[in-house]
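First chain A sits with chain B, and in the next complex the same chain sits with chain C.
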Partner chain A sequence: MNRYLKLVNMEIHRFRYILFSLMGITLLLQCGSLIWTLQRVVSAKEKGLTQAEVGFAIPKFLSFPWAIVNTKEWFILPILLSITVLVLYSIIIWYRDWFGRSTFIYRLLMLPSARWVLYVSKLTAILTFVFSMIAFQLVLLVGENMLFKTIVPAGMRTDSTFVEASTINPVLNTLLPKQFEQFIYSYGLGIIGVIVIFTAVLLERSYRRLGILYAIGYVVVCAAAILLPAILPALESSSSYWYPGEIYRIELAICLIVPVISCCLGFWLLRKKITV
Partner chain B sequence: MIEVIDLHKRYRGRKVLNGVSFTAEKGQITCLIGINGAGKSTILKAIMGLTPVKSGLIRIDDAPVGPTMYEKVAFVPDHLTTPTGMKLSEGIQFMKDFYVNWNDARANELLKFFKLDRTERVGNLSKGTAAKYSLLLGLSQNTDYILMDEPFSGIDMFSREVIAEVFSTDLIEDRGVLLTTHEIDDMEHLIDQAVLLQNGSVQLAFDCEEMRTTEGKSVIDVMREVYTG
Partner chain C sequence: MKRYLLSVVLGLSTIGILCTYYLYGAVDHLPEFKLITVQGDAQEGTGIELNGHYSGRMRSESLTVSKDGSKYRSRETLRDEMLSAYSWIYFGDMAQWIQDHRQFMRGKDQLEGFYKDEEWLIYVTGSTQVGLSVERLNLKTNEESEYTTKIPVQMERGFYNVVDVQKIKDKLHVITLQDTKATQSQQPTLQYFHNVLNFDDGTLIQSEQITHWKNTKKNIETDYYTMYNAGAPNNYLAFTVTENKISDKKENSYNSERIATHIYVYSYQTGKLIALPDPKQQFNPRTNYYHEGDQILYTTYDNQTVQLSRYHLATGLEERDYATLKTSQFGADEVQSVFISGNRAYVSLMNGTSPKVVALDTADGSVRYVGEVSFEGPDSERAKEMKLLQLYNLNINEWVS
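So, the complex of A and B:
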């Protein structure tokens, strides 16, 4: 347990600058675009300009959800950038230990603890980065709401709830689902994805050239297994063989089996097949 | 004792190890000698569980290879194994955090002996200094055995002298040392046992002192016979 936490701490420490940079970019782009949009509209309203004169919509009352909708691209861009970086890092987190002047994987594989701890610590680190970014976005939304209230005079704005603001942007709505069930589905699928990527990387690292084929095959099989129940009704004729409840249970079973098999395979590869 | 019994390994269709068997005793320096591609580094990696083998057996003091072995056997590869962004002190702290057998006092002694700056980044080390640092990390573990892969490869004359000096101290004496080299000149007077490898198999294994006294041959003489004769 102690070594696991130390490994997690080390992985977080190694990624800290990139994580802070992503947070910085998100803060700058979202707050910058919010300030720019609001100042433009407030100024136009103060001057009594019409929509035709300024070339953009001027609502009677401004609300925080409206502000988010009108800075849409700048809200989505840093989020998409963060998602891309984190997905890529799910692969790089392994490869960075193999390549470069120092091959840290030698040291990691020679630690006097079970090698699955290495796998789990890297997975924990990735999840920590994801939830750190989500937590940061939540705090940022609160800050942006305060910023909105500071810039827009009370007479020009209408109150709105925090949920309305996070619901109006499709990306925010996906990242911050209102129902706990939806949260479990979204992030559960994300975690399965990371586990499958990890195992695919280990397949490649264990079998090298042939491993590339194994890895691609493995990802395709896992993706097909997870997607199949969801597209099954569409594939069948009008008289569907499965009830929706049954399809749900099949999907649930597959979503449990895929990560369990992936983890077991990953642990076995680390123990028996990995090569440096 | 490290026992390697009938080790076989293939890589890209080639037999890298073809029935390798030998032993390395505690308190002795055993040297795996062979030209490039003879399988020396692969054997060390196989002992440390860093590469799988097709068949064969490796035992350390009659126990199979496993995670606890890493407190008993240290490995010094021929390149850095600490992230380049870390300072030397951070690399040492990492070892201290993960190894129960870590000897911090010895690490400090070796830092002074090798004249290493603990605030220096690992990525900024020259090849010779990197070799010294790797040796420090290996020797500062209280292990029974230490494996070294080409400890003198590509290192300047003065660094070689400093590293060779370590071999005649008590840092090495009580342990079992298994090292590889294809440049025997620096090591000949230090080694007790020699294992000559060719094409992935052991051509000859002998006691160096016995060879000198009974047949009057140096390791280089024997190598000449095996590899060119």
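So, the complex of A and C:
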């Protein structure tokens, strides 16, 4: 347990600058665009200018969801950037140990603990990065709402709920589902994705050139297995042999089997096949 | 410990923020509405759903209101989406059959292909290549059996569809819609055929064309439909023939207006197709027809009144306006929609901003249920919230998953 926590801490420590940079970029772009948009509209309203004169829409009352809709691109851009970086890092987190300075993987594999701890600690680190970015976005939204109330005078604004603001933008709505059950589905699928990527990387590290083919094949098979029950209704011209409740249970079973097999395969590759 | 500070702070604050969000922050504060019973048996209100929108947010919210409360589309999860797949198939009779005979009903989705009596549940499908495929479930012994019968067709690769199935004594009667060959006087058309099979072994006894529809009027398009008459035993098959006057037909535009509807009835016993007398009253495009047993019911309505009429198929007699509902009876302003399902005529009414639902017994037009949509919140907000609610679609939810 101690070794696992040390490894997780090491992975978080290694990524800290990138993580804080992503948070900084998100803060700057979202708050910057929000301030610019709000000041422009508030100033136009104070001067009594019309829509035709300023060239952009001026609502009767401003609301926080309205502000998010009107700064949509600047909200989406840093989120997409963060997602891209985190997806890429879930591959790099392994390769940096092989190709980094003094082939760090030698030392990691020589540690006097089970090798699967290495796999689990890297997975925990990636999940910590993802959920901290989500938590940061939540806090940022609260801050942005306060910013909105500071810039827009009380007479010019209407109240709105926090969820109304977070669901008005399709990307924020996907990242922060208002049902906890949907949160489990969305991030559960994300976790399965990371586990499959980890196993694909280990396949490549174990079998090298041939491993690339194995890795691609493995990712394709896992993706097909998970997607097939969900897209089955669309594939068939009419009703399916399976009832919807059964398709749902099949999907749940596959979503349990795929990560279990991937983890077992990953642990086995780390224990028996990885060479440095 | 100090060197773990970053990981500890990051982990604990993330868990804290996400927990706070899902415990307090994720509540959407959308208003709750409910269909409450004003008069009659509350059980009659089971399954009644009113669909529409709530426009009290920046983005309009789609919702369904029933006696269980309101269900907002935005609150649905992946599970809700998956469980409601094929919901348009798995309701009504199908829902009941699936509950009772889950294994036999697998992959069977053509409602018109079913027949059910006390002893048999039968499913028939057809194609020009295979012929008629009959699957039978004996409800007393729970035994399943099937056979295929080749049927003569005029077009080898043409359209072929089963539209009604009946078992009368020891014969299986299957009505099919299929392509016919062109003749000197007529273009190829879709026509209905009556196929009679020996129920025990599937031997074809007779296959006869029962309709000879043709379109002879200029600028008039005619559509032919059969009325669904449930899987229950029935001696008749009813056809709706609608005439649509084309007012505009160009490469990129098409406009037509329904100008007449005629009802034809085919008797399995006599093998005759007869036209029911057209209603003498002025044609009303808002007339809806339903086939129930040995009668055809039809509803006509305007803003203030709903009328139920029926044809008795055994005698061919029309009983016009045997039941009338007026909005004033229920303190409502306007009729929104009417539809019939399972011996009940459901009427959606509007009283100012409050939607109401009335269920009438189709046998005698008596009122069995009156329900009203109510706002489940403080009275001070009721008028404002009801004004933001627009419910415009009424249906009965009986689907299974």
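Quick note on the criterion: the second predicted complex is superposed on the first by the 272 of 276 C-alpha atoms of A that agree within 3 Å, B and C clash if a C-alpha of one lies under 4 Å from a C-alpha of the other, contacts with A are read in each partner's own complex, and residues count from 1 in each chain.
As a working rule, a residue touches a chain if its C-beta (ideal position, glycine included) is under 8 Å from a C-beta of that chain, and two chains touch if they have at least 3 such contacts.
Keep in mind that what you see is a predicted model, and the values were worked out from it rather than measured.
With the two structures aligned on chain A, chain B fits next to chain C without clashing.
Set against each other, chain B and chain C touch different numbers of residues in chain A, with C touching more.
Once the two complexes are laid over each other on the shared chain, residue contacts for A:Thr275 go to chain B alone; chain C is not touched. In the superposition on chain A, A:Pro112 contacts chain B only, with no contact to chain C.
Shared-chain residue A:Arg101: touches chain B; no touch with chain C.
Rounded to the nearest 10, the angle at the Cα centre of chain A between chain B and chain C in the chain-A superposition is 140°. In the superposition on chain A, contact is made by A:Lys178 with chain C only, not with chain B. In the superposition on chain A, A:Ile247 contacts chain C only, with no contact to chain B. Contact with neither chain B nor chain C is seen for A:Ile226 once the two complexes are overlaid on the shared chain. Nearest C-alpha atoms belonging to chain B and chain C sit 11 Å apart in the superposition, given in whole angstrom. Residues 45, 48-52, 67-71, 75, 77, 79-85, 94, 97-100, 122-123 of chain B touch chain A in their complex.
By the touch rule above, chain C contacts chain A in their complex via residues 3-4, 6-7, 10-11, 13-15, 17-18, 21-22, 25-29, 57-59, 74-75, 77-79, 82-86, 89-90, 98, 102, 106-110, 400-401. The touching residues of chain A, counted against chain B in their complex, run 3, 6, 10, 14, 100-104, 106-107, 109-115, 206, 272-276. Across the complex, chain C is touched by residues 5, 8-9, 12-13, 16, 63, 65-66, 69, 128, 131-132, 134-135, 138-139, 160-164, 167-168, 176-183, 185, 230, 233, 238-245, 247-248, 251 of chain A.
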